[in-house]
Amino acid sequence: MTAPVQSAGRSAEEPIRVGVLGARGRMGAEVCRAVDAAQDMELVAMVDEGDWLAGVGDAGAEVVVDFTHPSAVMDNVRFCVERGIHCVVGTSGFSDARLEEIRGWLREKPELGVLVAANFAIGAILSMRFAELAAKYYESVEIVELHHARKADAPSGTAHRTAQLIAAARDKAGMGPIPDATTQEQDGARGADVDGIRVHSLRLSGLVAHQEVLFGTAGETLTIRHDSLDRSSFMPGVLLGIRAVRTRPGLTLGLESLLDL
Amino acid sequence: MTAPVQSAGRSAEEPIRVGVLGARGRMGAEVCRAVDAAQDMELVAMVDEGDWLAGVGDAGAEVVVDFTHPSAVMDNVRFCVERGIHCVVGTSGFSDARLEEIRGWLREKPELGVLVAANFAIGAILSMRFAELAAKYYESVEIVELHHARKADAPSGTAHRTAQLIAAARDKAGMGPIPDATTQEQDGARGADVDGIRVHSLRLSGLVAHQEVLFGTAGETLTIRHDSLDRSSFMPGVLLGIRAVRTRPGLTLGLESLLDL
Amino acid sequence: MTAPVQSAGRSAEEPIRVGVLGARGRMGAEVCRAVDAAQDMELVAMVDEGDWLAGVGDAGAEVVVDFTHPSAVMDNVRFCVERGIHCVVGTSGFSDARLEEIRGWLREKPELGVLVAANFAIGAILSMRFAELAAKYYESVEIVELHHARKADAPSGTAHRTAQLIAAARDKAGMGPIPDATTQEQDGARGADVDGIRVHSLRLSGLVAHQEVLFGTAGETLTIRHDSLDRSSFMPGVLLGIRAVRTRPGLTLGLESLLDL
Amino acid sequence: MTAPVQSAGRSAEEPIRVGVLGARGRMGAEVCRAVDAAQDMELVAMVDEGDWLAGVGDAGAEVVVDFTHPSAVMDNVRFCVERGIHCVVGTSGFSDARLEEIRGWLREKPELGVLVAANFAIGAILSMRFAELAAKYYESVEIVELHHARKADAPSGTAHRTAQLIAAARDKAGMGPIPDATTQEQDGARGADVDGIRVHSLRLSGLVAHQEVLFGTAGETLTIRHDSLDRSSFMPGVLLGIRAVRTRPGLTLGLESLLDL
């Protein structure tokens, strides 16, 4: 547990009291560092497997950040909601049924906010949103995602989601299929087809996590590229979530809801 | 003058009757081709220097597109407004005084629309808008614009405008200056300073017109790139303007007002 | 037939007398323009289907450029060799048998040169050569080729050839397979496999012809990108071939043999 | 001092015995890790300021790697040469006079090798070499180097060196100045001028160390890009130097001399 950071001379407001669940995990540890360094926050509890969950309540946390495990997260959120603690949840594995269950708990606590987000990289969120906005102005679009050689799945979750958003935007604008004259093709050359959008997955040593969305129409192309070099890139999004969740009662899905887009 | 293109079997609506001023210029000629090819438009008049301006009125044009010259454009717009013809204007050289004059004429014709735009490339408009939206989420930003070696001015007008928009967005978000530890610099290495934003101008044979806006913060970067290969890239924007100006009374500035962003 | 271009005041040397076969085709016409504009060449004959082939001999051509058709090119080359005219051949469809046949004809004319090349874009040749040189220093490599949406085959011939060259260089250096941890893959996501090298083919309106070779190893990546915007990009290579073929007796394969690499 | 790593079952050869000077510095520590992990090397001595230099001799080092300080390096090299130990030197600050001094010492030990290199990133070396080779085929060329916002000097040393190599190659090929029609310029927009080559320095949070060399001629461009993400990218070059220096008697300048280019 770290000493409170006073935002002395900057604001009369009290710092936000934050607890972190999964504090010894890779993401959790990074969150602890980021909260600790934030001028307007105080890290009041670091909890991990085997620790006593009630500690976050006793420490007076106003907001809890959860980067734990699909098998633990529902109990954690329920505990927090019951104690009147806002939640920022980055743990994966949320089905519609789970979200509905959280909505049920929140009905009893109308002033409380829970944010569930799959991706806290602001650049990834902006990329997806810009891709969605640009989609209807370009007849062609493809996605290239590039990751380190140890990644097990292809395409990446973000590329898959981006393709779905673009496909939905094209559909809404009444656009037909993307023009493609390919008649002679070596297997796999044209990428994976995600809702009609081609996605290409590159895996190279020396890369980290990168994505390019390429749009094209007569005489011009527009490219939106996001390069993520390390876990620190998720922290501005987590801090944004902590600040915002206190004033957004109910269940909020996705960091995009908090951005000014 | 081309034969009317019927949008037979596609729509019960009459095609939009379009006249082009500056029809023999490079942009005007491209507009004639694009209007002629558009299913929902009819090219009813092609006028250039030495032609009788009244022709566009006689031909029953509903919308006139003007790519002429700063010395001619005000007379053209006045003529069209008096005759009740909507205008899409791509000619340069508009001062605030000129815009005010057009607003004055339009007061007499409240149903009429005039669109004045400096840039009809949708990709350039989207780039600028996305840059404006992303600005407040990244502590660092620089612009690289790349053009053919025959370009006379540096930086490009679009890069200059993009820098201004980003600077204004940063200012509005209360952001301070961009971090820069440079203490030892060869003259020009860090680019031109446009409202505190660094802009780098590359000139190479084999290039056409390209721009990259690079945003950076801890652990990640976001890049928005626009590549324009020829004049045809402006046509989707001109056609969008023709379609939209009829239902937007008064003076509209910039194609961005017509996009769904 | 164009007027001779005198390299007056620049050199005491006589201009090279060039004939073009396939002069009305897209590439042939471009070659005629390029030869005509070159200070050290004179365009003495433009021949196409239906013209009398003997014309190139009568016109005194020293070098003939052939961009015709696989069904015509062997007769053309034989004719030129018999008349003592050097050949630069860009027509496709050369099998080993055909090349052997040309070698046979050239045995009778030991002073004569024939250059057969599949690609005259110097940038493409340099890209392939650099990729070949870099191959053994990087454990990972993939190729992305990007073309306009009207292209029928995927991957492109240049990407296919580049992959083969890289694979051969890796093999020669005793390198094993590229590391790839993918276990869960959507069909096509990881691209086509050309001799163990992944190749991704993008097709977008607004693009022309582009290729990126990405190399990666611990902590770094190296990218070689070639962008070709129009047919004029092949002309420096054709002119280089014309100049060089006169002093390279026998059959020369590929423009790469003429570059100083 | 780490335990010897046996390359058991892989080679009958003895591992190379390596000592590291500056072993507690950032680069030195990375070198220790890399040598320790290499199957064909044994890390026999780690020496830093305050340690007894003679330790590397006593430990039986065949090759010493020096990443120390300009004020210490000459004594270190002299010591090693006297003891018959090959040297790989990455410390900066080498003047011609210093190099000449080393050559003098080596005259007494004709079998000994010393490698002095300013840059051990193989990708940077390849980039520079490829840029040098491509230079004479393109009328236009500019360099963009992109680094983190804490970098003090602009342009980077690598960009400066790359520009010099390109300028020399152009000069040797008898090429004139790069075409540039700029007449109206905002200060700094066209970058720094290094021997006639424009260099642009970008500084952004979230970047590490990146460089792009852009070549252009009619209708095409060629881009060579190097991205370096961390210090580990220098290690393949250091290991290559260790392996090669034992069989290259005398003074070798630059890692490029060891690459097969």
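When the chains are written out, they are named A, B, C and D in that same order, and each has its own residue count from 1.
The rule we apply is simple: a residue touches a chain if its C-beta (ideal position, glycine included) is under 8 Å from a C-beta of that chain, and two chains touch if they have at least 3 such contacts.
Heads up on the chains, UniProt names are A, B, C, D = 4-hydroxy-tetrahydrodipicolinate reductase.
Model, not experiment: these values are computed from the prediction.
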### Message
Validating interface symmetry: for the copies subunit A and subunit C, is the fraction of residue numbers used by both over half? Same or different.
### Response
same
### Query
Pick from C-D, B-D or B-C: which pair repeats the contacts of A-B, with over half of them the same residue pairs?
C-D
#### Entry: Distance-maximising chain from subunit D - centres being C-alpha averages
B
### Interchain centroid distance [CA atoms averaged], subunit A/subunit C, Å
47
### Task
Report, in whole Å, the distance between the mean C-alpha point of subunit C and the mean C-alpha point of subunit D.
35
### Summary
Chain-centre distance (mean CA atoms) for subunit A and subunit D, in whole Å, is 40
### Task
Give the residues of subunit D that touch two or more other chains, as numbers and ranges in rising order.
206, 215, 217-221, 227, 229, 233
### Task
Using the touch rule from the top, collect the residues of subunit A that touch subunit B in their complex.
121-123, 126-127, 130, 133-134, 136-137, 215, 217-236, 259-261
### Message
Going by the contact rule set out above, which residues of subunit A touch subunit D in the complex?
### Response
206, 208, 227, 229, 233
### Query
For subunit D, which residues count as touching subunit B in their complex?
138-142, 144, 146, 149-155, 178-194, 198-207, 214-221
